[in-house]
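Common to both upcoming complexes is chain A, partnered first by chain B, then by chain C.
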Partner chain A sequence: MNRELEPSINEKNFLYNALRQGKRIDGRGIYDVRNIRITFGNQYGHVQVQLGKTRVFANVSWEIVKPYPDQPTEGFLRFNTEMSPMASPEFEAEKLSEVEVIVSRLLEKALRRSRAIDTEGLCIIAGEKVWSIRVDIRVLDHEGNITDCACIAAIAALYHFRRPEYTIEDDEVTILPLDQCNPVPLSIHHTPICISFAFFDEGELMVVDPNLLEEQVKEGDMTITLNSHKELCIIHKAGGIPLEIDQILRCTKIASVKVSEITELINNALKEDEKKRE
Partner chain B sequence: MPGETIRADKRTSSQIRPISSVLSSLNRADGSASFSFGNSSVLCSVYGPQEVKIKDELLDRATIDVNITPQIGIGSTTEKNMERIVREAFSDVIISSLHPRTSISITVQITQDDGSIISTIINAVSLALIDAGIPLHSTLLSVTCAILNGEIILDPTNEEMKDASSIHVFAFSNTSNDIVSSESTGVFTEEEYFKCSDICKLAVSSVLKFVHTAIERKLQKEQKN
Partner chain C sequence: MSETTEFQPYAILPGETISLDKYKNDKDVIKIGPGLLHEKQQVTAIKAGTLKNHNNQKWWIDSSQRRYVPSLNEHVIGKIIAKTQDYFRVDIGSAHSALLSTLAFEGATKRNKPNLEIGALVYARVSLANKDMEPELECISATTGKANGFGELKDGFLIKCSLGLCRSLLNPNTPILTALGEHFAFETAVGMNGRVWINTPDISNTILLSNAIKNSEFLSAKEIKQMVKELVKQSEDDMEL
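On to the complex of A and B.
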C-alpha cells in the first residue's frame, strides 16, 4: 500500500495553464469523453468496460432466496463494488477506502433507487421464492473517473445478463437447464448513465470525464446521472468549490447529450454481441 | 494414441485446452498478465518492489503479498488457500533478497473459473512478474491433472473435476527437474501420483514454449515503440 503521490507543482501549473487556454493535457476537448470500449465475456452478464485507460469489470449472477416478510413480492438487486488492489497502489485488499464508499453509494442510487430494474418482476412464488440478482463490480485500473466507467459496466452487464427459465409445479420450482430453454433477460425500465465533471479556478474552468491528474488537482466535482429520456436521476455534488446555478444547468445539458451517445454505444455493443452468439 | 478416451470437449486425455495470454494490459500496475486455459481465465497484476507497511517489513528480503478475488462475491477460505499456495510457490522463485524492506504485491482477479484454476493463476502470476521486471530464479509454470475413472486426464474442466477421484496441481521451474509446488486432493496411490507428475511435467514444456513466444512478442512490440 502506498499513499498516493501528490502531483508536482509543475504538473499542476501545466494543467491549469493548458486549461485556461481551453486545452486538456491528454489532447481532448473540454467536453470530450474518452474512448469507451465494451467487451462482453462468454458468459451472460460478464462485461469489461474501458473508459480511456480506466478499466472496470462487472459480473451479474443469480440466486433464489426467500423474500423479506414485509415485501413478499420483491426480489433483490445487490451491488458489490470493490476497488481491486490492482487498480492503484492506494487501494488495499480488505480495507474500505473513501473512493470505494462514494462510488458504491452512487451506483446503488443510480441503479437501484432510480428503479431502473423492476424488482417486482423478480418474484417467483410470493412470500416464498424470489430472484436475488447480484452485481459484482471490480475496478481493475484507475486512470480517473471510476464512477462513470463503473456505471456503464454495471448497466451493460445487467442488460447482457440472462436468468434461466423455470417451471412451477405445486410450489416446487424447477430451474430449466440452459440447453433446454433459452434464458430470459431482466426487465430494465431505463438506462441511467453517470457523467462526471471536475472544476478548477474557483469554478471558472470545467472538464467532462476527468482523467487521473485532473481528478487529483481538481477543486470541486459533480456527477449527474440521467437516462436517455432526459430524465434526471441523481445530482451528486458533495463539497468542493461552490457552483452557480447556471453552471449546474449547463452541465446538465452537456450530460444529457453525452448520455444519449453512451446509451447508443451500449446498445450497439449489445447488438453486436447478440449477432456473435447466433 | 490409440485407445485413448475422447472427453466431453473432444480432447484426448493428454491434451490441454488452448492457451491464451495478454501482457501489460493494465496501465497503473508495474506488470500485468491475463492467462487462460480454455474457458478458465484470470487477470493478474504485480506492483513492486514498493513501499511496505512497517508491520509486514522483512529486514533481509521483500515481503510477497498475494490477493485472489473470485469471479462472484468476496474471497473466502478457498481463495485464502490458493493465496497460500501461490505465495509459497513464488517465495522461492522470486529473488526477494535483492529488495529487502519492500513489498511485492500480487493481485489476481478470476474472470472465469472452468477448472484447473490454480494452474491458471500460477501461470498468470509468472507472466505478470516477468512483465513487471521482478527478478526471478526461473519461470514457474503449472498444469493440473485429475484421475477420472482410473484414467489420468490433463487440464480438467469443472465438470471433470467434480467426478474425479483425485486432483493434482504441479508447478515446475524451467531450470531444474524438480517439482516446486505440488497440491493433491483425493484418494490416490503413490504410483498414480508419480505418473501424474511425469505427465504434468511434459505438458508444462508446451506451456513454456507458449510463454516464450508471448514474451518475445511483447519485447518486439516494445522495441518498435
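On to the complex of A and C.
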C-alpha cells in the first residue's frame, strides 16, 4: 500500500491493544454490523445504501440485445463497478484498483453464478432478442467494507427495478410505454448477502464488518455469501493468514444470523417504498 | 458617523456577491478574510459556508472541508512516510507531502538527530506554505527555539475529522473538550489539517473520547453536555458489569 495511505504506528498499536481487550475503535461489539440505511430513488432500480459511513449507489438499466448463438435463451446480467477518487484517496481516476477488481468479481459470483436472477426468464424471442440488464455500482464514500455495502445495494436495486412490458407480433417486439402498462419486476430466486470478516493476531482475533482502519491493518479477511434460506453461495478467502476449520464454521454461523437480519431490512425498505408510490 | 445596520451571519454560496456598504462607516478599513475575493470593486464569495464578521470590520466565510491546504504557522499533525539523512518526508493530508528537517527539533545537532520511525506521528508547525512548492514543517517554536509541545506524539489514538471541527476544538472554551474534561483526564493535540490525537491511560476511555469528539461536530453546546453525560453513565454501567 502507498505509504501515505498506511495508518500510523499509533493507530495500529491502539487498534491491536483495543481488540485484545475485546473492544473496537468505533465502540461496536466484535460481531456488530454498522447501521444500514437504504434509500430508494424516484426511478425504479435506483438505490443508495449506507453501511455506517460507507456509501454505495446502484442503478439498474435495461437494453434489448441479441443473445450469444450458443445460448439463445439466456439474457445478460452485467455489473459495472466504479470507485471514484471522491470515495477515498487510494482510488485514482481511470486506474483499476485491486479493491475494484475484487468487489466486481465477488458481485458477479454472488448474483450471477448463484443464479439469483433467472437469466432464462430474460428471454424475449429465442435466438433473436433478450433483455440485457446492467447494474452500475458507484462507490461514493469508502469507510471500510465496500463489498458488503455494494452487494446490498446491487440486490436492493435489482429487487426495486421494473422492466417495461412488451408485446410480440410476427417477430416484432413492441415495448409498451410506462404510462400504458405497468412495468414488471425481475424474477429473483433468492437474496444473496455478503458478510465480511477481518482477522488479526494470526487468526486469534476476528471482527465482523471491518471499518476503514481495521481493513488497513488486517492480516487476513474472508467474505461469506449466504441467503436467508441458509444456503451457502460463496466463501471468498483470497490470501491472508490461514484459518482453522472451526473458525470458518463459526463465521458461517455468525454470517447466517446477520444475513437474515439484513434480508428483513431490505424487504422492509422495499415495502415502505411501495407504500410511498401508491 | 452614519448608521450601521445589525448583521446576522447567513449561509452563502460561491459566486454570490456581498455589499458591505451598509455595514461600514466611511473611514473604516474593511479586511477580507478566507473564502472571500475582492475584485473589480466587488466582494464575491468563493466558498460555500456561513458569512461572518467581527465588529463589521473583518469579514470571512466559515466553511468546513476535509482536504487540507497548508498555511503558514498552522499547527498540524503529520505522519512520517520516509526519511533521509537530512529530512523526513511527512504526510499532512495535503496535495504534496511536507518536508521536516532533522535539525528542526529542540536540541538537535548534526551528531544528535531525532530517531523517528516511519509511521510515527509528529506535531509540527508549518514553516513554509506555498501553492507551488512542497510545504515545510518545523518541530520547534518560531520564537523561542524550544519544543513547546511539538515533536513526536507517542501512543494514543488519531482520528480524522473536518477542518471546521478542528478549528472549533482549538478554542479553549470549546464545549466538547470542557465537558469531557470534567469527567476524564486526557491529553490531546489538535492539528489544523483535520487530525486530532487523543491519549488516556485507559483504552475504553480513549475510544469513548474519540467517538464523542467525532460526533460533536454538529451538536449545540446543550446537546454536547447531554451526550457526554449519557456516555459517562454508559461507561460507568459497563464498568460495573
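A few notes on this one:
The criterion applied here is as follows: the second predicted complex is superposed on the first by the 274 of 278 C-alpha atoms of A that agree within 3 Å, B and C clash if a C-alpha of one lies under 4 Å from a C-alpha of the other, contacts with A are read in each partner's own complex, and residues count from 1 in each chain.
Quick note on the criterion: contacts are C-beta pairs under 8 Å (C-beta built on N, C-alpha and C of every residue); 3 or more make two chains touch, one makes a residue touch a chain.
This one's a predicted model, so the numbers in the text were calculated from it and none came from an experiment.
Because the two structures share chain A, they can be overlaid on it, and in that overlay chain B clashes with chain C. Contacts of A:Pro85 after superposition on the shared chain: chain B is touched, whereas chain C is not.
After overlaying the two complexes on the shared chain, residue contacts for A:His142 are found with chain B alone; chain C is out of touch.
Of the two partner chains, chain B is the only one touched by A:Gln43; chain C is not. With both structures placed on the common chain, the touch criterion links A:Gln180 to neither chain B nor chain C. Taking chain B and chain C in turn and counting the residues of chain A each one touches, the greater count comes from B.
When the shared chain is aligned, chain C comes close enough to touch A:Asn10, but chain B does not. By the touch criterion stated above, A:Gln21 is placed in contact with chain C alone, chain B being left untouched. On chain A, the surface touched by chain B in one complex and the surface touched by chain C in the other have no residue in common.
Residues 26-29, 32, 39, 43-45, 47, 50-51, 53, 67, 69, 71-74, 105, 107, 109, 111-112 of chain B are the ones touching chain A in the complex. Contact residues of chain A toward chain B in the complex are 1-2, 41-43, 46, 53, 55, 57, 59, 61, 80, 82, 84-89, 93, 134, 136, 138, 140-143. By the touch rule above, chain C contacts chain A in their complex via residues 79, 81-82, 91, 97, 117-121, 153-158, 197, 203-204, 206-208, 210-211.
Chain A contributes residues 3-4, 6-14, 17-18, 21, 23-27 to its touches with chain C in the complex.
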